[in-house]
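Shown below is the structure under consideration.
When the chains are written out, they are named A, B, C, D and E in that same order, and each has its own residue count from 1.
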Amino acid sequence: MTETAAIPPLAAASSPSVSIRGLRLAFGAVTVLQDLDLDIAEGEFLVLLGSSGCGKSTLLNCIAGLLEPTDGQIFIKGRNVTWLEPSERGIGMVFQSYALYPQMTVRGNLSFGLRNARVPREEIDRRVARAAEILQIGPLLDRKPGQLSGGQRQRVAIGRALVRDVDVFLFDEPLSNLDAKLRTDLRVELKRLHQSLGNTMIYVTHDQVEAMTLADRIAIMKGGRIMQLGTPDEIYNRPANRYVADFIGSPSMNFLEGQWEGGAFRGKDILLPIPARTGGTARPAILGIRPEHVMTGPLAETAPLRTEVIVDIVEPMGADTLVWGELGGKPFRIRMDGQARVRPGDRLPIGLDPARASLFDARTEERL
Amino acid sequence: MAVTDQAAASPVRGASAAPLRRPMRLFRNLSAKIATLPMILTATVIFVGCTGWTVVHSFTSSRLLPRLDFVGLDQYDRLWSTPKWYVAIQNLAVFGVLSLIFSLVIGFVLAALLDRKVRGEDVFRTIFLYPFALSFVVTGLVWQWLLNPELGIQGVVRDLGWTSFTFDPLYNRDLVIYGLLIAALWQGTGLVMCIMLAGLRSVDDEIWKAARVDGIPTWKTYTHVIIPMMRPVFVTALVLIASGIVKVYDLVVAMTQGGPGGASEVPAKYVMDAMFGAQNLGQGFAASTMMLLSVVIILIPWAYLEFGGRRRG
Amino acid sequence: MDGPRGPRPRRILSRGNIMLYGTLIVVAIYYLLPLWVMVMTSLKGMPEIRMGNIFAPPVEITFEPWVKAWAEACTGLNCDGLSRGFWNSVRILVPSVALSIAVASVSGYALSMWRFRGSETFFAILLIGAFIPYQVMLYPIVILLREIGLYGSLWGLVIVHTIFGMPINTLLFRNWFAAIPEELFKAARVDGAGFWGIFLRVLVPMSLPIFTVSAIIQVTGIWNDFLFGVVYTTPANYPMTVQLNNIVNSVQGVKEYNVNMAATLLTGLVPLIVYFASGKLFVRGIAAGAVKG
Amino acid sequence: IDFEVSHWWTSGGEANAVAKIAEAWEATGNTWVDGAIAGSGDTARPIMISRILGGDPMDAFQFNHGRQAEEMIQAGLLLDLTDVAEEQGWRDIVNPPSLLDACTYEGRIYCAPINIHSWQWMWLNNSVYEELGLPVPTNWDEFVDTADEVRAAGKVPLAMGGQSWQSQGAFSVMAVALAGRDAWMAVYGDKNAEVAAGPEFARVFEAAAAARELSRGSNVQDWNQATNMVITGEAAAQIMGDWAQGEFAMAGMVAGEDYTCLPGLGVNALISTGGDAFYFPRQDDPEVTAAQKQFAAMLLSPEVQVSFNLAKGSLPVRGDVDLAAANDCMRKGLEILAQGNTIPDGNMLLTPDTTQQLNDLISEFWATDMSAADAQARFAEIIASAD
Amino acid sequence: MTETAAIPPLAAASSPSVSIRGLRLAFGAVTVLQDLDLDIAEGEFLVLLGSSGCGKSTLLNCIAGLLEPTDGQIFIKGRNVTWLEPSERGIGMVFQSYALYPQMTVRGNLSFGLRNARVPREEIDRRVARAAEILQIGPLLDRKPGQLSGGQRQRVAIGRALVRDVDVFLFDEPLSNLDAKLRTDLRVELKRLHQSLGNTMIYVTHDQVEAMTLADRIAIMKGGRIMQLGTPDEIYNRPANRYVADFIGSPSMNFLEGQWEGGAFRGKDILLPIPARTGGTARPAILGIRPEHVMTGPLAETAPLRTEVIVDIVEPMGADTLVWGELGGKPFRIRMDGQARVRPGDRLPIGLDPARASLFDARTEERL
């Protein structure tokens, strides 16, 4: 599989914070995770991204110790924790539904785990105060969760992991229940928190904006396997296969079917010379090009390949404008500047840049 | 209302249709009002009306037949000077408190056990629930028999060799109320368990996970987190149990008929005895008015909290 | 990396599991004991009962008590056992359950979706009514039924059952309907369905669990009822429980425990079957009707 | 005509007796609709009363006659049978006349008495005493004297069911026997609280306290289970009304040989003349009214009296019928009756309300360690407030 | 209020499809809608946008007839419908939770309204077939809603309005329950549907991307009032007040406090000449500038105002990069190209263009 080869030097260099070896998990006959290997470096922010049901939460729960793997091992800081209780693994977890204890005050929520572990009173107070300061929830300490807004609740949930002074933070879609604006704000706060704490964080989401903005590395999952593991830039600009290419980016990548003819891609009405990344013979291939990498206006003139798109729908989005058109009989999306003035029915001249295109084998769907 | 002004000022072109009049308030949702008529009638005529009728007659000297010859508070004087009444309310208090506590505790524990992903959950659940299908008459009969010193458990254990073994709650004045309790719990805890189970199932899975990550032991998660969260469930169960307790009558009649020596009298039986045995309706009504009063005193604040406090958003 | 490797050794009989299943089985035995005793006793002859242990299974199985309870036991002068009462009970049960569920479901529906001024007040009164001992209402209802001319008829009894089933059932339905998304209700209104259209065509078909729960509660309550059945009807309509009462409470020398038990089981059969058959639906309905709201 | 009769005679002997009436009734071309409710009057009474209140009454119903029906008569709900009674000459044939008095309200007759039941009996199992080599006691004192030996033999001297009416009944029997007729009438009839608190009754309460001790160990509820203890020899004796001998008869025991009956506890051979009677709710349909009167007349006919009472084990209400088949104990009863040594039944003298209070008191007394003096004080209170 | 003045000529020109006059709605003591006037032109796509609880759904429900207004009138196609039943108003409505009848098949769901209206069988079949074709749900007609995916469900819900041949479509956050990808797709389909049907559509959302891309005009609501009514371009580029400016755009507009000095804005460290749009005296003012209108790189050199921002957090989002920095002691957001390489701690030179900035009165918060 790809991911073994794809473990970047980053992880190999420093000693990994979390290591997963040959993890397999089945619910009865259904295998949800398959032969998973993964190394997460100390202080890394890893995002698990994938569509619903691909096994992200399951993997996270295995790391947390909330699910027992059918096979394989999990190491945290070099210690085999596969059969330890969640509370003994040095992890903290934040859930989508916040999972606050509704009958306790914020302070109670934060300190419950510590009190249970018989941490001395002053120590508890100290840690709660520190977490409250970091998360700016000091004034809320004596409220109950029911009296908090969604964003405040999620902060408390993060605080609950924070006070426990854990090595690894696990997040399961922590922002999904919040509205757009709050999501943006909390996202930034999380990023800032990571920068200041430097803990290892593993973060599950199916929102790619979150993944792209937060991650040091992203693991794209599908059907219990990791399809690609890499930095956001790698994932975005050099997707390892068609699935990843299609999954990342909104609106998603345009795909053109055609033929790879050693040095050039030939599709319907199109011939695009592409510097050979892989040798090999001619074969059916798919060219992928992101809507924002399509050149329009004066730039289009200078592109290696020029053609025209018939505009179908125009979506002005303020900062930019989405144009939905048709190329070679297939829908084709273009992202233009917010100032662009295009109307449905227009013939829009466009240019394609081979340097910013991806090419996939039509059969294996792997990147060429 | 400025209907006409507004319409006239309206710039809407072609607004030729004369503005409709606002329909009468009373006729809005008329179907709904008609459909709830049975409920309204029941609430007003039966529950309020009949209760009022009862209260009024509790101030009379009605004997076999209801009559309106008022005697003031005589019936209440008599009621509160009758030792049997004291025994009855004392029994109800003991029985009520114990059966509330035990029903809730046993119901919850059983539900919690079943909630631990038990194999054969359906079978266990059905076993715990089936007594609820049986009437108190049947329950009373069976338990009367099981608790019979000669035939029942005591007899069997003695036959096995422990001749000094004594378990005859129904024939012991001090224990009889516990004998009733055993049967009542057998009959009623299944439903409580069902409600609790439903409540436990509605607890967010992530709460459990959060508690495990926090290292909270299971029992402590129940006591500190889950049970406080299940307040509405407990309230529902409480109401169901409580409404049964106030009315407990059949069971007593079937098992002990108030005996031995009136030791298991309960208010509902007092009422029945007064009304039909003693043919002293006024006295029965006075006793039932007292029962009603205590129910209302307990219930009104609760009803206010449950239904006055939160409205559907 | 250190630590153990390989899959975790699994123990099915862990201490926790033994505790868990042990407790459940012990409790299950407590719950089953009476049933066991009833069934066993009903299959024994009288001599065996007098001699033996009530928990012991019969040495010689006899179905005579069942036959006697069903067809021969006497009620006053009629010696046809429970059989006659059985059909009376059915005749009482069917309309009572139907009417009470119909009334309660419509009320619950109106209370949750078509609130009007005062509707909650009536409902609160209704709920308090659930706490009133039946006995208090016995005479006033007799007088009421007399005034509307239904006293003594089957319909009078049906109405009484409907009235006393109303609080709890209305509560269940109200909570159930309140949990249905309001948008569904709005969509149906936009689609031109009226009060009854929404109820019958949209809500009823999706409310099987709560109807099951309500039906079970009503079947149990009405089937097991003795007092109303005997107070508000004439002997021609006496339910099965009256026969049961007569068989069990007629004292003729030694109590015929086996016949009593057989009669008891026969009487309890209908609600028991309903319970055993409805299984999960009941829990689901309870979850929706009792827990929320 | 369909004629519905409500009653609570559901035990074997009782049902058998009712069947005799039903047979006779169906022989007249009418139909008997049976409305039996088992249990006791307490179960059946609310049913009967609500039927009557509800305006859809049965055609006839059984009641212990006495003051229970007074109010229904006042309310005009019951049929006046005076014309039937006069026609049939009930005044002359009913013996003792007090039975008819109990049916009479302001000079009119409203019920048809059907039998006489008396409470004042003590039943002893002869074989128990034979085994111990003791003579069978012939009165209460002898019984008490021998009780210790009976107890020592592991038997219960006095069987007593747990229901309150049984202990109250037994107490009343002891009161008649030990306090004497005059004192008893003063208390139960005239509600004289002084007598109730006086020395005669003090003796009764002490005796009752002794009897309470003697009855320890009888863990049964129903009266016939207690009787059964005597029959099987588990217990030596029981104080119970004459209906108990049906049980002895059913067990194949012979009066005088296998068991002994002591009227008035062998002290005061008085018997109370309670019993059952039928009342008839007033109905609009003249045909029904006619049938009701026909039924009432039939109840007192000699044939029905004989067949019914033989089956039921009770005494007939008319002195002019011949009970050839009567056994030893019944004969004793008939004799006492003939001598006029009767007292009215408690039900005729006391309101149900008072009866209920007495039941509660005595059963509590019986089941606890309440002292005789305390019990007597409360007894006197109840009598004082009775009307 | 602003909105009266803001009704653009478009609505006045053609006869309005929906008119609202003096609408007021109170739940007990709480007034949720206040003196609302609104005209919606025939065939217009109007989006009601606002934060949660601002009364959007309430307004829509009033138009649908699901809530009875406390005061005021509603006209649809010139007919006063204020007290008509929902089904008599010629409207169709689509809900966030789809609100499909779970026990009916798709066909049953589509035809329920028609059957209620006693439309003949053949006519029903015809219309269902047409709706199924338009929405491409033909193969699903005999399934139950439980067997459909979210997107398919929402299509059926739209179909339910479609078959009824209504004048006005009402949508209450129809896409909120769908995942990001599906949301984009259905958004485009909705737009296409509107283009082909030409019905009046009123659409409630709190997602500004939806609002910007779908709307002919947007009404921004706050506390039961309309804050601004205008085309997406107007709303985005010429927000009528600070609330609207802040609400629209993600990440939101940067605000700088300062002084309007007739022709120029003076803030902390900043002096920006702005062509006078309003006369008047000097007063406290707020300058608003969108993150994507901040010029960086070579462009920044040419801007009328040049300054520097200290970079705090960098969020690469693939197509572009968000930079969170500090200017004048306040957070400052910049949206840069996806290729931009910036690191936290950098001093980033930026430029501001007065033509693309908004200026608000600091007291009234109205646009100057």
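In this text, a residue touches a chain if its C-beta (ideal position, glycine included) is under 8 Å from a C-beta of that chain, and two chains touch if they have at least 3 such contacts.
Molecules present, by chain and UniProt name: A, E = Carbohydrate ABC transporter ATP-binding protein, CUT1 family; B = Carbohydrate ABC transporter membrane protein 1, CUT1 family; C = Carbohydrate ABC transporter membrane protein 2, CUT1 family.
Owing to the predicted nature of the structure, the values given are computational and were not obtained by experimental measurement.
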Touching both chain A and chain C (chains): B, E
Chain pair with the most C-beta contacts: B-C
Chain centre separation in whole Å, for chain E relative to chain A (CA means): 28
Geometric centre distance via CA averages, chain E-chain C, whole Å: 54
Centre-of-Cα separation between chain E and chain D, whole angstrom: 90
Numbers and ranges of chain E residues touching at least 2 other chains: none
Per-residue overlap in chain D, given as positions that touch at least 2 other chains: 46, 53
For chain B, residues that touch 2 or more chains besides their own: 272, 275
Interface residues, chain B side, partner chain D - complex: 63-65, 82-84, 148-150, 168, 171, 173, 256-263, 272-280, 283
Complex interface listing, chain E residues touching chain C: 61, 64-66, 85-88, 91-93, 95-97, 99-104, 112-113, 116-117, 157, 160, 164, 172
Chain E-facing residues of chain C, complex: 181, 183-184, 186-193, 197, 201-202, 205-206
Touching residues (chain side chain B, partner chain A) in the complex: 204, 206-207, 209-217, 220, 224-225, 228-229
Chain D to chain B touching residues, read off their complex: 41-42, 45-46, 49, 53, 68-72, 75, 162-164, 219, 221, 351-353, 355-357, 359-360, 363-368, 378
